[in-house]
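Here is the structure we will look at.
As written, the chain order gives the labels A, B and C, with residue 1 at the start of each chain.
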Amino acid sequence: MTPDERIQELGLILPEPIQLPPNLEMKFSWLRVSGNRVFISGHIALNADGSVSEVTGKVGGEVTIEQGYEAARQTGLAILSSLKREFGTLNNITAWLRAFGMVNVAPGFVQTPPVINGFSDLIIDVFGPEIGNHSRSAVGMAELPFGAPVEIEAEVEISL
Amino acid sequence: MTPDERIQELGLILPEPIQLPPNLEMKFSWLRVSGNRVFISGHIALNADGSVSEVTGKVGGEVTIEQGYEAARQTGLAILSSLKREFGTLNNITAWLRAFGMVNVAPGFVQTPPVINGFSDLIIDVFGPEIGNHSRSAVGMAELPFGAPVEIEAEVEISL
Amino acid sequence: MTPDERIQELGLILPEPIQLPPNLEMKFSWLRVSGNRVFISGHIALNADGSVSEVTGKVGGEVTIEQGYEAARQTGLAILSSLKREFGTLNNITAWLRAFGMVNVAPGFVQTPPVINGFSDLIIDVFGPEIGNHSRSAVGMAELPFGAPVEIEAEVEISL
């Protein structure tokens, strides 16, 4: 089964492009493609319509670890949505290479790996353990844009 | 117009190499080149003579968002200075790929994207929207070296 | 002298694979290889048997700068151990490209570069100044997994 088919089978909803507040300009691209390399900007969790998820704040504080896991998963869906929009398919991805998982932490919260597993579980579920395999860091940030509980930056490889 | 010409036209001053305190050794390179890939170490804002900018501290605290924007721009100039010193020109850069923008934040300060726009605006102004286009993250750090308000790590591609 | 020989000469001990708490799954690879590129997940300091180092906490707080330096060095040994386990040798590494050094900081601690020098010194000692040369950032994080004082993510290039 291809990743595109797997998205269908799992009933996953890829969100619309992010809706930014009117006064905020994003002076970069969500994806930067060079040859077979795709650099993925830091994404955050979105609702299906592209609005920023209402679940904001610090994991280990007002955001539970379960909500953090779900935010990491939704961040993954936002990334898949950017990739699908760019290439028309996810089937051209030959390797997930790197994921840099950032968790907006309350003081003393160190369980960042189980939070970012929400992203890793999704990627492996959709792409399988070979293509979906990735290097990863899962670390605690002081603050993230919009107060998002999770932000993930990544790099993937595509076939040409 | 080439990037080198554009630097002239805009009257931009690329700072001298960073002047480090005498007791601090930097055991790495500001740039690491491999083939057509250039990895750029985390840079901070410098004065024209290479001394560390006096604007230090936390954005959203003692540093205003406007000062943070300016620090991000000066950080970009420090990066351009390293690139120009290495290659003798900026015209060999074929693509900006990734910028990882780190903001030294006061508690609760989440407006990191407008701060890092100081960098992105500069890069696009000098290189144009095609070559200057880049993936980006703009996130909040607990602390940065020298108390710098902004640090940026990046990767670019050059022609061989 | 080759890196493998140098490891012997220096009497360096590469730790066993990390021993994780039984309830924590790591849903990613410590290394992700694609062609001649090797992406290295965020590693932390380990004891020789692979258990997580008991030195935890915030540098500038309960962890001294000297202990932070040592943690960065041990983090480097953990990375070398992952590379040696993957390839059977360290002699295939042709270039260290990027090191992203993260320090778990107490409020106000900004001396992150001397801490990450523990890693850079090791790499240059084992690989020499040409192959061991790397781009680097050394920045202050809010929290790190397991309360580790240092985490380092990296990228290297190998011969094929």
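Before moving on, here are some points about what is shown:
The definition used in the following text is that a residue touches a chain if its C-beta (ideal position, glycine included) is under 8 Å from a C-beta of that chain, and two chains touch if they have at least 3 such contacts.
For clarity, every value in this text was computed on a predicted model and none was experimentally measured.
For the self-contact between subunit B and subunit C, the two sides draw on mostly distinct residue numbers; the shared fraction is below half. Taking only C-alpha atoms, you rotate subunit A by 120 degrees to land it on subunit B; that is to the nearest 5.
Separating the CA-averaged centres of subunit B and subunit C is a span of 25 Å. Annotation for subunit B: residues 100, 141-142 touch two or more other chains. Taken in their complex, subunit A has these residues touching subunit C: 95-100, 105, 107-114, 117, 120-121, 124, 133-142, 155, 157.
Within the complex formed with subunit B, the subunit A residues making contact are 24-32, 34, 37, 39-42, 100, 102, 141-147, 151, 153.
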